[in-house]
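Here come two complexes built around chain A, the first alongside chain B, the second alongside chain C.
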Partner chain A sequence: MQIETVSHRQDDAVDDATPSEETWACRILGRFDAHESEQFRSYFEEAVSQGTKTFIVDLSEVDFVDSTALAELVRAMKQLRQEAGNLILRRPSNAVRIILELTKLDQAFTIEAAA
Partner chain B sequence: MQDTTWRIGFVTAFPPGRNSLNEFGFHFVNHMASADGVDALVVLADDTDAGPPDVSEIRANNPNATVEAEAVWSFNDAANPLRILRAVRRHKLDAVIINLQFATFGDGKVPGALGLLTPAALRAAGVPTGLILHNLADNVDMQDAGFTDSAVMAAVMNKAGRVLTRALLLSDYVALTIPRYVEFVRDSYGAKNVLLVPHGSFEEMEEPTFGIPDGPKRKILAFGKWGTYKTVDVLVDAFRDLIGRGYEDLELVIAGTDSPNSPGYLDSIAAGCSDLDNVTFTGYVAEEDVAELFTSSAVTAFPYTSTTGSSGVLHQAGSYGRSAALPDIGDFTEVIEEEGFIGQYFTPGDASSLADSLAKLLDDEELNAEHGERNYLAASGIPMAEICDWHITHLNRVIEQK
Partner chain C sequence: MTQTSPSPVESLTKALVDANDQLVTLYELTSVTMRSLDEQETASTILDRAAQLLQADLRLWCSERRSTSPELDHTTDTGDGHYLHTEALSGAADQHNADSDHSISVKLQSSDGRQAGRLEAIRVDRPFGTADGKLLTAVGNLVSGAINASRLHEAELGQAMVARDHDTASALARRALPTWRPSINGLEVYAESQPARAAGGDLFCFSIVDNTVHFAVGDVSGKGLPAAMMMTTVISASTAAFQGSAHAGAAAAMTAVDAWVYEYLAEAGLFVTLVVGQFDTITRRLSLVNAGHSPVLIVQGGEVTPVLADIAPVGVLPVADGPDLVAQNFTLGEGDRFIICSDGLTEQENPSGEMVGEDHLIEAVQDTAASAHQIGPQILEYVEKFADGYPQADDRTLVIFEFTPRRDAS
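Now for the complex of A and B:
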């Protein structure tokens, strides 16, 4: 897995996001599984410690995701919603869409489809 | 995460009763009790000779939670659906989750089948109902599992199993723990309310020590309910084979009890290996003794000839970082590897092949440790507390739609 911290705060936007000081984002590339979710967690925790309210995860380049990685996203969503924030999944790839649909968690997340 | 809280009922086998899925029931309740969205959790447990359901430890672990428990159903009681429905009304529950495998409510055909109508009865009564289904009738070899000796009767039972699966699918949602089972049920039954919720790890544990523990003896552990498709005959033969190969520092630990379908099975095995002084039969293993059982073992063995899905015992073995000798049964192998587990595989029913697998894991400490670590990562993937959150998410959706 590779994680690109493609944007955080106003001066470093990801694509067409409308960032603010409370918005952080990252893009995950390749595999996203149990062995590799630690890196995502570190970046997310850093964002939370900086007071972010909205965290965008671009999943368009993920080619494999397992339920443990999905649990990492659920955990992040729960944490942000407890602080009146939100986690947004941006452009989930087919691999991500399949597991979201299998778990029916597509109905729990905020998902931004392709533009 | 949410503003509204609910009184949730949980139908399950529960300690001190020893019926199947009692351990999953205990750990689920232990974490569900404090989950966001749960105002009170009421355990609707099985009535057993072991005594009333014991939630004292759970209350101690969750001092701010409301946990109630009542024994409301009995193994092989045809009235279980009615008894459970009455209990749900008596406790004024907002929603119910049922912890189920096909033989949960009985091994008698009539009471067992009637029990499986419980989710349909609850839903018909307007109670939002989620089901955690641990196996599928379609995947059970009825002859091998000891339900019948007749091929014709096995075919009839498989047909009946499909009918009962359709009844279970009347739940508001049905959670399966394995992705391919979700796909199978959706394709085979046209079900739209089936979803994946992983099994979850029972405890959040510190990383265990991997590899072969120190000790005068290297223990081979087999743990389960024995006598049908889970037998230890081949394991005992494999153990004799290893002794014959010169492995003199081994101990075989056969833990657990007879399957309800095979009373007296372990006694017959013990009688057959009375000449071996390094075979131990533990009988029922209490919750507090499980950790020591696994962590003191050099390798775990799964001498199954067929399976009904994944393996709760493999999840436990993984939680304690143990390596495993596993049967190379196509569906089982694919399922557990999908979950991230790894095994040293042997040909089912072949004692020599099982002995080879055990020897490999006993001889190669590096491989043993590597397998143990892989299994630990697979088992510790998602803590049970988070699995409970997933169920609350789904129950919320159902309740809001009602």
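Now for the complex of A and C:
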């Protein structure tokens, strides 16, 4: 997996994001599992420390997601909602979308489908 | 009385005796290093011998405390970023301000190459020569080696204690999984869990109330001991819910489990995919609530139907905040099966990066010629063979309920 860290200042990887002072984004490529969750958390915590209210995770290039990674997304979503913010899952790939539907996590997250 | 200079013969004899004493001391010095693993004791002994060899006072500083435990720490904070570790003093050096010719020092290195301390020699009656410097360097290397060996030993002891505690906690967590399976007329139950590490987050538990088998099968997100600790909490909550909601239905049991564990899971940043249900073995009615778990399958007359999730996993959103839960109900016949797996089974990879998937699982559970107790081990064996030596990344759990002909009392 790779995480492309994209701040609101360099928003080319999430081109339809609405750049704002409070929006951070990242795009995850390949596998998203226990091994990579720490990197995601590190970037997310940096965003939170900068006062972000909206964090966008582009999942269009993810080909596998495991329960540890899902738990990391849930944790991030809850943390932001406690601070009146939100975590947005953008364009989940088929592999991710199926997992989200099977687990009913699609009902918990805010999901932006492909335009 | 006049003092006469020693004769050349006397001087030569004295030099020979001194050289012999030094050789004996050097031999003793090289013999003391590993008699003890206590670094303070070893360093003191080396410095005592080295002080005789160099005919000087010695002080050893280290750049960190000997130990964070006060009873093990014999160092003294000197206020300059060092701690006086040990010394071999005759007392003479304290009474003189040693200049550069009368004081030499060497740096000590830790096993990773960082500066670990400093060894200083002070001699007031005569200046140090080049040979003394080399000798002090040798003594410094000896002290460094002894201290590094002692600290390595201490670190290994510490790691061994942590590993032992981890093993104990893992064993306790594993014991939360029941070793018994429901034995009740008209129902056969196969259940097996294989953790990827010493302990895992997969779980199953059962309870029998009257003719009804209550069950919970789940998978705590994450791996290892943290997931295992949460797994034990979910089992406790499920068992309590079975007793408290025995006649209230599966939805009430799931709500009770959620009320018990939601805060624990939320605080730990975890969730659990969970199926809570009950079989009435008289009416053969299966009632369940699925909180985000997959795969869950029902096999009726050879037809396989997936049981989709009703709600998100427990710990994501409080059940009480959502719509009223309604259980899914099925009426099963003889030979029908209900299967719950964890994703560790279907997502097991082989060296080529391929996953087991659900096809083989579905094919195996459709085999009506074999019983649940035959099918279960076969599926687990298939997954192990499929892995072909590739490491098990996640816990594997398989639970099969099979309705069998009732042995009615005549």
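The rule is short, and it goes like this: the second predicted complex is superposed on the first by the 109 of 115 C-alpha atoms of A that agree within 3 Å, B and C clash if a C-alpha of one lies under 4 Å from a C-alpha of the other, contacts with A are read in each partner's own complex, and residues count from 1 in each chain.
By definition in this document, a contact is a pair of C-beta atoms (placed from the backbone, for glycine too) under 8 Å apart; a residue touches a chain by one contact, two chains touch by 3 or more.
Here the structure is a predicted model, which means the values were calculated and not measured.
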item	value
Three-chain arrangement built on chain A, chain B and chain C clash or fit	clash
Which of chain B and chain C A:82 touches, first, second, both or neither	first
Clash-bearing segment of chain C, relative to chain B, as chosen among 57-65, 75-83 or 255-263	255-263
Doubly contacted chain A residues - partners chain C and chain B	34, 66-68, 71, 74-75, 78, 102-105, 107-108
Chain A partner contacts - residues on chain B that touch it in the complex	1, 36, 173, 179, 182-183, 195-198, 340, 377-378, 381-382, 386, 389-390, 393-394, 397
Chain A to chain C touching residues, read off their complex	34, 66-68, 70-72, 74-75, 78, 102-105, 107-108
Residue numbers on chain C that touch chain A, as the complex places them	219, 221-223, 266, 269-271, 273, 291-294, 308-313, 315-317, 343, 347, 394
Chain B-facing residues of chain A, complex	34-35, 66-68, 71, 74-75, 78, 81-82, 99, 102-105, 107-108
